[in-house]
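Order of writing sets the labels: A, B and C. Residues in every chain begin at 1.
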Amino acid sequence: MDFIKTFFQEMGAMLSIPWSFVILEVIGTLAGAVSGARLASSKKFDLFGALIVGIATACGGGTIRDLMIGKPPFWLEEPIYLLACIFGLLWVFVFRKVLVRQNNTWFLFDCIGFSLFNVIGIEKSLGLGFPTWAAICLGCITGAGGGVMRDILINEVPLIFRKEIYATCCLAGGIVYVLFLRMGWTPEGCALLSCTVAITIRMLAVKYHWSLPYIKGIEEE
Amino acid sequence: MDFIKTFFQEMGAMLSIPWSFVILEVIGTLAGAVSGARLASSKKFDLFGALIVGIATACGGGTIRDLMIGKPPFWLEEPIYLLACIFGLLWVFVFRKVLVRQNNTWFLFDCIGFSLFNVIGIEKSLGLGFPTWAAICLGCITGAGGGVMRDILINEVPLIFRKEIYATCCLAGGIVYVLFLRMGWTPEGCALLSCTVAITIRMLAVKYHWSLPYIKGIEEE
Amino acid sequence: MDFIKTFFQEMGAMLSIPWSFVILEVIGTLAGAVSGARLASSKKFDLFGALIVGIATACGGGTIRDLMIGKPPFWLEEPIYLLACIFGLLWVFVFRKVLVRQNNTWFLFDCIGFSLFNVIGIEKSLGLGFPTWAAICLGCITGAGGGVMRDILINEVPLIFRKEIYATCCLAGGIVYVLFLRMGWTPEGCALLSCTVAITIRMLAVKYHWSLPYIKGIEEE
C-alpha cells in the first residue's frame, strides 16, 4: 500500500508542474470539441453550429458547475479553452476523411478529459466549502454534463442515460479522490489515482460492453 | 371570512412545526423522483439515467430558481433531497409491477409537491427582496420547472405546454398567497390556503379534462 | 471617415435619449415574443405554452448571459419585458389570420431586437470587467441564445445551427462595436454602427440565401 502511495505521489509531484496539467486539460477540451463538432457535422450542422456543439460538449459540464457554485464560466476568464474548441473544429475539417482511423487516440484523449474534469470539479467545489458528497456530485456534473448538453442541442436522447457509463466512472473516480485525500495523500496523487480508476473502468466497460441495467416492466402511459 | 381565516391560521400554526413541513417537502420530492424515474425507465433509460431524470423532475424547478436568485442549488446544501430521489428510484424498482395501482397516491403526493414548491419559491424570493410579481414568477418556475426539465431530458415536447395546467395552478396559488399575505395572514396560513387552491384546481382539471385552449389558424412555415 | 463618424455620433446622440432606446428594446422583445408564440401555437401549444416559448425566445439569451455574469435575470427586475411578451401573445391571438402579411414588419423588428440585444450584452459584460473577447461572446449569447432556447423547448434542432446565420451577424456586429469603441467613438455611435452592420448582413443573407457551409464526408456512427 505504501509502495503504491509513494509511486502515485511521485507521479503526482511530476504532474503538478503547471504546464503539464494545463496540457492535459487542453487535450481533454480538444477531445470534447472534436467529438461534438464531429457529431454535429454528421447531422449537417453548419460550421458555427459544429463549433457551438463542440464548445457545449467540452465546456458544458464545467459551465453548469460554475453556475451552480456561483462563479462565471471558466472559459470566459481564460481564452485557451475557446481556442482549443476552435482548433478542434479545424481538426475535424482537415481530417474529416480519416477521423475514423484516429478513433482510438480521441477515445484516449476523451478519457483524459472527463476524468480530469471530474477531479477539477471536485477540487473547485471543496475549495469553496461545499460538503464532500456535494463536491462528488459537482465533479460528476463537470465530467458528464457536457455530453448531456451536446445531446440536448442535437435533439437526441442523452447517450449517457442509455448506453455510456461514464457518469458511473466519474462517481467511482470521485469517491476514490476524496477517500485518499482524507487518508492524507497529496491532491496530485489523489488526482492521478482517481483518473486512473475512472479511465480503467470506462475502458473495461467499452471493451466488455458493460452497461447499467434498466428497470423493466414499466409501461408507458 | 374571519372564521375561514382563523381556521386556516390554526391549521397553519399546526403545520409550522418544522418536521411536518419537512415531511411534506420530502413527500413532494419523492413524488417528483418517482414520476421522473418511472417515465425514464419506461423509455429504457438505465438506472443512472432514471435517477438523473428523477432528480431533474423533483429538484429541477428549484434549481432554476436558485440559479436565477443567485444561490447554490438547494439540494447541494442538504443531502435529504438527493436521498429522497435515490429512495424514489428504489421504490420504482421494488414496486415496478404494481405502480399503476398506486397512481392515486402518487398523484396526491405530486400535488402536495408542486403546490408546496410554488410557495417555497415565492417565500425565498420575497425574502431576497424580489418584487411581488417576480416572486410569483419564481414560484411558478419552482413548481413547474422540474417537469419541463424532465421532458427536455427525455427528448419530448414539455407536457405542461400542451396538456397539463399545473403552471396555471401555480399562478393561482401564488396570487392567493401574496394576496392573503398582504391582508395580514401568517405565512403558514397563506401557504396552506395557497396549496389548497392550487391542488383543488388541478384535481378539478384532471377530473373534468380541463385544458387551456391554443391559438388556432396559424400554419407552420 | 471623419464624416461617417460625425454622422453616426449625431445619430447616436439622438438615440441616446433614454425613451427611444427603451422603445427599441421593447420592440425587439415584442418581436421575439411574437415569433416564439407563433411557432408554439402552430405546434398546438396552449396559451400558457405559447407565452413561455415567447418569453424564452425574447428573454432567453439575456437570461443565459445574466446567469453567466452572476446577475439575476433582467426581466425579473423590471416588468416591462414580461408585459411586452404578454402583449406579443395577445397580438398573435388577435392577428392570427393575417400574421403572414406582417412578415416583413416582424422580420425588421426581429432584426432590431437581436442586434440591439447583442450590443446590450457586450456593454453589460464590459461594464462588469469581462475581457473584450468574452464580452463579444456574451453579446452573441444575448442576441442568439433565445432562438436556441425556443428550439429546445419546442423539441427541434436549433434553426441557428443549420440555416440562420444571425450568430455570425452578432459576431460581426460585436467586433465592429468594440473596434470603434477602442477608436474613441461614443457607445451610442458604436451601437448604431454595430446594429447597422449586423442587420445589413442578416438582410443580405436572407435575400441571397447565404448560409454557412457544413463539414461534409463525416458519417454518423
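Everything that follows uses one rule, which is that contacts are C-beta pairs under 8 Å (C-beta built on N, C-alpha and C of every residue); 3 or more make two chains touch, one makes a residue touch a chain.
These figures come from a predicted structure and were not determined experimentally.
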| item | value |
| --- | --- |
| Angular offset of subunit B relative to subunit C [C-alpha, multiple of 5 degrees] | 120 |
| Equivalent interface positions on subunit A and subunit B, same or different at half | different |
| Approximate Å spacing (C-alpha centroids) for the pair subunit A, subunit B | 32 |
| Junction residues of subunit A - those touching two or more other chains | 67, 70, 152, 155 |
| Residues of subunit B that touch subunit C when the two form their complex | 67-70, 130-131, 133-134, 137-138, 148, 152, 155-158, 160-162, 165, 167-168, 211-221 |
| Residues of subunit C defined as touching subunit B within the complex | 37-38, 40-50, 52-53, 63, 67, 70-73, 76-77, 79, 82, 92-93, 96-97, 99-100, 152-155 |
